[in-house]
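Everything below concerns the one structure shown next.
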Amino acid sequence: MKKISTPYLLLIPGMGFLFTFFLLPLINLAQTSTQTPVGGGDTGQYEQTLRFANYIDAFVENKEQFGRSFLYATIATILALAIAYPLAYAIAFKGGKYKNIMLVLVVAPFFTSFLLRTIAWKQILGEEGFVVPTLRTFGIISESTTLTSSAFAVVAGMTYNFLPFMTLPLYASIDRIDPRTLEASGDLYANGFTTFRKVTLPLSMPGVVAGTLLTFIPAAGDYVNAAILGSPQTKMLGNVIESRYFKIVDYPTAAVLSFTLMAAILILVTVYVRKAGTEELV
Amino acid sequence: MKQISRWFQRNLIRVYAVFAFTYLFIPVAYTFAFSFNDSGKSNLVWKGFTLSNWQNPCGAPEVCTALGNSIKIGFLATLFSTILGTMIAFALGRHKFKGRSTTNLLIFLPMATPEIVLGASLLSLFLVFQINPGFWPTVIAHVLFCMSFVVVTVKARIASLDPRLEQAAMDLYANERETFRRVTLPLVAPGIAAAALLAFSLSFDDFIITNFNSGTMTTFPKFVYTSAARGIPAQANVIGSAMFFLALAIVIIGQFVGRKRKVS
Amino acid sequence: MSDIAKSARGDLKLSNITKSYGDFTAVNDLSLVIPEGSFFALLGPSGCGKTTTLRMIAGLEEPTKGTISLGATDITDTKPYQRPINTVFQNYALFPHLTIFENIAFGLRRRGIKDVDDAVNKALDLVELPHLAQRKPTQLSGGQQQRIALARAIVNRPALLLLDEPLGALDLKLRRQMQIELKWIQREVGITFVHVTHDQEEAMTMADTIAVMNEGQIEQMGSPADLYDNPETAFVANFLGQSNLIKGTVTGNDGANQIVDLFGQKISLQKDRSHGVDSSIYAGIRPEKFRISRLETQTHGNILTGGKVEDVSYIGVSTQYQVLMPWGQELMVFEQNDDGVAPFSVGEPVNISWEPIFTFGLRGDEDAEAGTEVNPDEDLDEE
């Protein structure tokens, strides 16, 4: 009963847009990544030389930032998981009629500009804030340690900013668990911790996978947290890419790094999803 | 003592939730508090309470220009991404066709791509065609990354639509066009509205992709970033807080309306 | 074409209808005539193709082969909205975003009728829910939604009203009440009703004619009494009510009857109630037709001796016995508790007897278990 031509008519505008502004740029990026500067030309002038060695150069030069991006992203993802899981659990099982309000409250901080929030953290954790002097008074940290301009602050910022991305999928998955399966587990001699390990956690895996992906992917490419809360020692790959576009003009390197970042993420994601064994996320 | 420890055991997770929510709101509260700071140009240290920032939110230079740009871009990006995305969602959700899984994958990819790659690649493309970054390149960029979210949201809504409702409509003499107009569209509308809202908030809050494609044009997030070094004017705090309350209000009202529809 | 289709009236005729999905055939060369103005039931277990057949009549599915005609008009290639046929869906499918009034008025408005108030109010009165006109479907109970779904279909005065297991989601008492109401409404309004169900009691209560379907084909069609008293296949015998099927051989004739040997005991079977094709046969008797008696009691008619009571179940109205016969088969006996006789106990030796006219005969190559595995809680969505 449905005409065959209709889906294609509906798809053409949107997919055409995607093709032009997503695929084409990526192809262009790939194409840029193998270019080299024109000898004797102005900055910003490149020619296509199919120099695949660009990839090796860029990787060697920036392997520190590469490693750091993935390290920070992993730590932030793990921390976010640790913080969000109990929260999602609390909302799903103890929320009662306030569930929806609580969900709104999880997402609400998002409505304040993400930059304002990050800068707020910078000021709260900075010299003029109240956290550092308090910790110093109690002797928890020494006079010379600062919380901002540090890896700690960057990871903390990332963890904070991506919390809603972690919490919502977790909640969706945990909420689906029939509480009677937990009761059954108790009936069959499992204590609280064992029930969590053997019943709750496995049943919530789809949410864990979705949440960790939605957190890790943007985190790996992030540079704002590093820029605001970090220092030159905490530069991530994103910072390098940004500077190669705007400060030191070096498009091929920027292209290489972007591509490598994307490829690395795609590979990690594919391996991860296959290992965790879940169905479609979309 | 035993009473207290037992109470803790049972309510540990609730206590945790309270702490977690507090943690979530700390920077928001801070931003809100400092919007009342009598700060002058640099809003780093508390100087005194004042309402002047709220009374004159456009007082700091460029704040309102940036805000205006963000709103304009947000509106346009929402409009286009919602229309294009909804069309794709219908194609995917209601029709079987060759290349369906490829299309699904293609829609998913922008969501899985780091923003920096999206922004940078678009910038590269614009440079090749010698288009200068600015207002319209930014709109295009925003439509790009919002579209996937719209598709996912609307597609979910379409999937939850009982196909028998459309069959009932045809059984009751409505042809395909009338069925769409009178049954399908009204029932999918809330999903489209949610998608539009999502698109707007993603667009408004976007920084990374915007940064690459906006050139000299400022948006609100960009404004905050660039003025971070010398201290953000308190007016930015005002706008941030205002957006927060506005969005909160919209969502809460939306919840009420939804609830009223079910229980009358 | 569509105008002619819309005004078609008459008997519904399905000719050699087949519906296949890839390798799977849901409906297999089915032919059927549904007389105008009758209450017709399509009865069968989940997956037998009855809902698919109904949807083809409605136009929601296209037959792979065959034609459908209403009176003199061929409607096989018409769309659902071109047919004067309306459906009451299994889950009611009321439009959640419209009021009850607008739900009922929907079909009228699509047909271009401007003044709908009168017809809608009459329909609401018919189902006795005039006060719900301005509510929304989610505010109604299951039973109310079902009645509104019915009103929404009937208000259009279709040539045919299709009901797809409409009572499935209702509780027992409400279901019984609705069965009676639907029968009454059908007589009032005079429209042809085609009712699809897996509940044989429901079909027998409501329908004038029943077609029993199994695996895409019609096993037998007739009035409830015909199907019950004289089933032609093991499936029908077991699906409608319960049957005792005993394997035997036709050994001779006695006027209008056949003599059948059942494991050494002889009984008589009327020739016109025997559907066997050769000497191998299944003798069928309904449990309530059996009489169970002590060895010393005098009995008449067909008699089987050597039984031993294996199980006794008291059900208030009746007592049900399982009696083990010498050849190893357990027979079911339903005795109505209407004579104050003390029930039989487990282990008692008994005789079983019945009036010969109640025996029916099935082909010897039938599967005696066909139609016995019926799960009433099967997935409601059979396509």
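Letters A, B and C mark the chains in the order given here, with residues in each chain numbered from 1 onward.
Everything that follows uses one rule, which is that contacts are C-beta pairs under 8 Å (C-beta built on N, C-alpha and C of every residue); 3 or more make two chains touch, one makes a residue touch a chain.
Bear in mind that the values here come from a model prediction, so they are computed numbers and not experimental data.
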Separation of subunit B from subunit A in steps, with touching chains one step apart
1
Taking each chain's centre as the mean of its C-alpha atoms, which one lies nearest the mean of all protein C-alpha atoms here?
B
Counting only C-beta pairs in contact, which chains form the busiest pair?
A-B
Centroid distance [mean C-alpha coordinates] between subunit B and subunit A, Å
17
Between subunit A and subunit C, what's the gap in Å when you average each chain's C-alpha atoms?
60
From the mean C-alpha coordinate of subunit B to that of subunit C, what's the distance rounded to whole Å?
55
Interface hub residues of subunit C, defined as touching at least two other chains
79
Would you give the residues of subunit A that are in contact with at least 2 other chains, written as numbers and ranges?
1
Out of subunit B, which residues touch more than one other chain, so two or more?
none
In the complex of these two chains, what residues of subunit B are touching subunit C?
162, 164-165, 167-175, 178, 182-183, 186-187, 261-262, 264
In their complex, what parts of subunit C are in touch with subunit B?
58-60, 79-81, 85-87, 89, 91, 93-97, 106-107, 110-111, 135-136, 138-139, 152-153, 156
With touch defined as at the start, can you tell me which subunit B residues reach subunit A in the complex?
13-14, 16-17, 20-21, 23-28, 30-31, 34, 44-45, 84-85, 87-88, 90-91, 94-95, 97, 103-104, 106-118, 120-125, 127-128, 140-141, 143-144, 147, 151-152, 176, 201, 204-205, 207-208, 211-212, 220-221, 224-225, 228, 232, 236-237, 240-241, 243-244, 246-248, 251-252, 255
What residues on subunit A touch subunit B, complex-wise?
1-2, 4, 6-8, 10-11, 13-15, 17-18, 21-26, 28-29, 32, 83, 86-87, 89-91, 93-94, 100-102, 104-124, 128, 160, 163, 213, 217-218, 220-224, 227-228, 238, 241-242, 245, 251, 254-255, 258-259, 261-262, 265-266, 269, 280-282
